[in-house]
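In what follows, chain A forms one complex with chain B and a second complex with chain C.
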Partner chain A sequence: MKQAQSRSLSALFQIGGLILAFGFVTIILLLVDADPIEAFRLIWQGAVGNSSRIASVLVVWVPLALVTCGVLVTFTAGLWNIGIEGQITLGAIFTTGVIRLFLDTPVSPVFVIILSILAGMVGGAIWAALAGVLKVFGGVNEIFGGLGLNFIATALNIGLIFGAWSRPGVASMSGTEPFPEIYWLPTFQNFRFSWYSILLSVIGLVVIYFLLQGTHFGLRLKAVGKGIKSAFRLGIPTWQHMMLSFLICGLFAGLAGALQVVAVYHRLIPAISSGYGFMGLMIAMLINYQAIWVAPIALFFAALNIGGIQLPIVMKLDSTLSGVLQGSLVLFILLMQGVKQRVLGKQ
Partner chain B sequence: MSGDVILLGLAGVIASGAPIVLAAIGETLSERAGVINLSLNGLIILSAMTGFWVAIETDSIFLGFLAGALVGALVSTIVAFSSITLKQSQVAVGFILTITCRDLAYFLGNPIMGRQGPIMFSTPIPLLREIPIVGPVFFQQSLMSYFSMFLIFLAWFWISKTRPGLMLQGIGEKPAAAFVRGANVLRMRYFYTILGGALVGLAGPLYTLSVKPGWKGTITGLDGIGWIALAITIFGGWNPIRVAFGAYLFAFLQWLGLVLQSTWTFIPSQVLQVAPFPLMILTLLLVNLGNTEWMERLLATLPDGIRNWVRKLIRSLRSQPPAALGTPFERQ
Partner chain C sequence: MNIGFKQVNKHFGEVHANADITLNIQSGHIFGILGENGAGKSTLMKILSGFIQPDTGEILLGGHEVKIESPADAIKFGIGMLHQDPLDFPPMRVIDNFIAGQSGSLMLSQKAAMKDFRELQTQFGFSLDPEAYVDTLTVGERQQLEILRLLWLGAQILILDEPTTGISIQQKEKLFAALRVLAEQGKTIIFVSHKLEDVEILCDKVAILRKGYLVGEVAPPYDIDQLVEMMFGKQITLKDPTPLGQETVVFQLQDIVVEQYPLVIENVTFSLHAGEVIGLAGMEGSGQDMLLRACVGLLRPVSGRVIVNGNDLTGKNYLKFMENGVAFLPASRLEEGLVPGLTLAEHFTLVTDQKEQLFIDKAYFRQKSQQMIDDYRIIGRPETPVESLSGGNQQRAALSMLKDDLSIILLEHPTRGLDIESAIYMWDKLKERCRNGTSIFFISADLDEILRYSDRILVFFSGHVSKPLDAATTSLEQLGQLIGGKGWDRTFSNEESYETSTKP
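Then we have the complex of A and B:
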């Protein structure tokens, strides 16, 4: 009975946070003389208005769900893997590299695609391991190590696009030369999304759910996240667990980056990570690090992203409004959680 | 390169280092009180946009800076409220704010993109400007640049030489002990977080009204500055003088990158632009090495003479955070 009561109270505070977030964005819209109802309607229409828009939402959902799965592992170990953006980028770079290697060879394209995706996962894991080594052996806080590595990954990416891998004749921000269609992950009919990507994300979601909820490894990670010293005293090899959590997160980020190349852009572009890594961190915070909520909330965030595209076209507003809405949702729900704890603590 | 060009370049280093000094000193004050304000990156972008907007509308540079400082204070109040009063994770709230403020700046700044605004010109100081070398480098700056130089010494003096400064160190190191001695820990943390945030908020308009005039949306080129300022705070060991040195060093390296770019054209400009970041990681590695366990073990295997020498070197580089940084204060 008591549990049910506290749960409904929790929901009440969450709804409160939701209302505050929408209230805040409404005020922002009124500030720029825009009709809030029209803006919200446009975002909704832009996300689910027709089947190709829904397909676009699914395209964004795949990397979002994958990176959120990844950062859940590092969060569980008590780590702030801000380097996730760079890990996505490295995944995309490795994937592109492998495909380029086999471009004019008779090797079966199916094999090349599989190999390139695996290479992408390794690339993400390597970049994550760097942040891990800096943290564990260098004493460099993972937030700053990760941020630095993000910038380096971006430089590497742009360096490749404008240098070694530049388009013959014209190196440009549009990215490298697109691959021949045989190296594309097949999409569903004429839509932009691929069932293979969706399948890989679903597998990722299931793996992470069971890894964190149902295994000893997950339990030990939690212990490390709750307090390194006491976990160490319990006999848990702490630094090994921290490194492993970085590696697993890197695999997921690398997979996200790989799929951006083989299933979405079919080439390397400058903003290949698209900020999905940071969004994954936000989603993880919003769902209070519970794996069961990754799929629906990632879908919601993806819908906001795609819906926001309509804003500049129709209302001459900047599409970053979606980001403002996402950010204020996370902020206000987190604040309301604090308010709840304070109110309940006082009783 | 002639002497005059070098002096001009160095004056530019002081000018472009000024906003980083403001931001890093503001963060230092906040962190000295025990609160990490991770919202810096977004806060600088939002205050840059707001300051520019207000300056256009009112045609007053002063009001532009005031608006920037207000934005900084306001955002930092959210950080303070959620971490000090609601005891939520400082890192989480700061991260959310840094992303949200950035998006908010790009959204609200859309209508003023590319508009002409007032620019703060330099105000050479009579007599001092005549001093050879020092004059042209340090005393032909904008008023805000002078303020940032003055702030370095003010912050240093305040923290290490005054009673309230000692109290500030206390609430960051041993809040419980400071509380017993009569310090209002929570109120002081609020005060320094908001004051620090206001200083960070001055950095934004300093870009859009002086160092990189104008607001150009996502290509204004301010994304990343806040993270650099946060790293410099650590590099500087939470000591205003060392922090300022780090800020100017960063500005110097950026200038060096620009100079090299014109001679080494085979390196893509994007690569040189991010060159400071690996350096940032390296410096963080250097200042943290002394805190790691394996370094201690490694040192133990060295012969005495070398060991003492290495230990001295590491100790001089090492920086240790305020002991209570990032933790909420509970009254027992």
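Then we have the complex of A and C:
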């Protein structure tokens, strides 16, 4: 009885946060003289208006879901893996590198694609491990270490695109030379999404769900995250678990980066991580670190992203409005959680 | 300014920290407040300095009732408190610390402040460099800085909470001289301590608190035995009839040196026998927690060796000690003991001995935790988060999570905050393990507990460690004096006295 009551109260606060977020964005729209109803309608239409738009949403959903899975692991261990963006980028770089190695060889493209994806995962894991080493052995807070590594990853990426891997003749912001189609992950009919990417994301979701909910390893991570001193005293090797959480997160980020290369852009582009890492952190906070919610909320965020594209075309509004909506959603729902705790605490 | 407490009461949960305290303190005096840990000294002083508010009762300053609602308020009334741990800003310079806290002008006049600082410090014979950074100062120097700062802010009443912990003899003499000067100037000095000798040579009058109550006030000349009796109360000590110590040595410390600012413990050599219970007595912060942590690899000794069951584990971490049958139950249960946010069942899953499968067999661990809950009479369910258990139940839970075949258990304040029934239960369970050959090393602030359950006792005072005392021939009075730093010469005649050794 009591539990049901607190659960419905909790839902009430969540909905309150949702309403506040939409209210906040409405105010912003009114301030710039735009019709809020029209804007929300456009976002909705832009996301689900036709099948190719839905396909685009799925294209965004794949990396978002993967990255969110990854950061759930580091969050569980009590770590803020801000370096996730760099880990995605490194995944993309490693994948591109492997494909380039085999471009003019007779090696089977299927094998090359699989190998390149695995390489991407390793790349992400290496970058995450660096943040982990800095944290565990260097005493550098993972937030600062991660930020620094993000800058290095971006610089490395740009350096490759304009330098060693630049297009023959002219280096360009549009990225490296696209790969021949045999190295593309096959897409569904003429749509932009690939069943293979979707499948990999779903596998990722299932793995993370069971890892965090049902395994001894997941429980130990949780203990490290909630009370590192107590966990150590109970006999858990704490730094090893922190390192492992970084590595797992890096694998997921690297996979997301790899899929951006082999399934979406078919080349390395400067903004290959597309801010999905930060968005994944937001989603993880929004869902209060519960793995079961990753898939639907990532889908919602992806829809907002794709829907927002219509705004500049029709209403001459900047498409970053979706970002404002996403950000305010997270802020207001977190805010309402705080309010809820205060209210309940006072009783 | 005269200070008056009138029927001051303060509760923390079920603990009655100050019970109907009525006390008058005259200006121009050095007034001592004496009591063991948890007697309510700090609570009373925190009330006077505005950190906490009394539940009921009045505070009178110069005969008028005042409400002191914050430390800033206190300073306005001329009350300055010198805390046990200096509340300063280590990365800043001495002079910046001196100025910080000044209210009024927006612009800081550093020149004027510097002049005041120099004048004040020559008055007391201090020699602090105003440009030095505070983190390069010793505890004694930081104290001097804090005294100067409080006086500069206009303090008429100075409260010093355990000021002689961790400072050198010379600094102590300087401090006492300064306090005497201040008293002559008509300021009121309140000196909070558990050290009998300090109180004896310094204070014009002493009030003794015990378990929240004011036991009495005493004027010099002091009778140390009387003070000890007032501090600890006279009680009959129950003895465990059968000492359980066996001959096998399970644990050895060889010439251990441990250092943790500001204390240094030097050259401790000690052997623990199977089934033996050793109590570590001493006022809080006398070094017993450092030694205990050094024994389990949580604090790395500067030198010396730690040997467990014949294996040299010096410098190894706690997990290695665990593998060798050592377990540690810390005092801060929710910080170092149990993981807040996890349930009892999850805890039992974490500490399982079972060969692990990938997935958790939730039904099995639910059943196992239910069984432990029944065995240890924990009030809670497998799905209860540990932080919502009461202190006694948390302690039972922590105890139930220890492995069965341990050779040594180290405990910090095993029964602190527990009701009597839980405390007795705790020791029944521990003694049961002793009969099976497990040795116990424990810290307690409760001298009764130490005398009742220990076979031998180590006494700590300001980082000095005594030779083991036989608990059967030690009286409560004797132990009370020893932890207050008295009577070491008498008891350990062949040992170097702490009074002759100086520390930096």
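As a working rule, the second predicted complex is superposed on the first by the 347 of 347 C-alpha atoms of A that agree within 3 Å, B and C clash if a C-alpha of one lies under 4 Å from a C-alpha of the other, contacts with A are read in each partner's own complex, and residues count from 1 in each chain.
Everything below uses one rule, namely that contacts are C-beta pairs under 8 Å (C-beta built on N, C-alpha and C of every residue); 3 or more make two chains touch, one makes a residue touch a chain.
Owing to the predicted nature of the structure, the values given are computational and were not obtained by experimental measurement.
**Student:** Overlaying the two complexes on chain A, which is it for chain B and chain C: clash or fit?
**Tutor:** clash
**Student:** Between chain B and chain C, whom does A:226 touch in the aligned arrangement: first, second, both, or neither?
**Tutor:** After superposition on chain A, A:226 lies in contact with chain C alone.
**Student:** Now for A:115: first (chain B), second (chain C), both, or neither, which partner does it touch?
**Tutor:** It touches nothing on chain B or chain C.
**Student:** Counting only touches as set out at the top, which of chain B and chain C does A:216 meet: first, second, both, neither?
**Tutor:** So A:216 only meets chain C here.
**Student:** Is A:317 touching anything from chain B or chain C once the two structures are fitted on A? First, second, both or neither.
**Tutor:** Once the two structures are laid over each other on A, A:317 reaches chain B alone.
**Student:** Is chain A touched at more residues by chain B or by chain C?
**Tutor:** After superposition, B is the partner touching more of chain A.
**Student:** Going by the overlay, flag which of 95-103, 167-175, 275-283 or 401-409 in chain C ends up clashing with chain B.
**Tutor:** 95-103
**Student:** Of all residues in chain B, which touch chain A in the complex?
**Tutor:** These residues of chain B touch chain A: 38, 78, 82, 85-88, 91-93, 95-97, 99-100, 102-104, 106-108, 110-111, 217, 224, 227, 230-231, 234, 268, 270-271, 273-274, 277-278, 280-281, 284-285, 288-289, 291-292, 294.
**Student:** Could you list, by residue number, the parts of chain C that touch chain A in their complex?
**Tutor:** Contact set of chain C toward chain A: 318-319, 322, 328, 330, 334-342, 346-347, 349-351, 356-360, 362, 401.
**Student:** Show me the residue ranges of chain A that touch chain C in the complex, using the header's touch definition.
**Tutor:** For this pair, the touching residues of chain A are 210, 214-217, 219-220, 222-223, 226-227, 229-237.
**Student:** Can you list the chain A residues touching chain B in their complex?
**Tutor:** Its residues touching chain B are 28, 31-32, 80, 82, 134, 137-141, 143-145, 147-149, 151-152, 154-155, 158-159, 162-163, 278, 281-282, 285, 317-318, 320-321, 323-324, 327-328, 330-331, 334-335, 337-339, 341-342.
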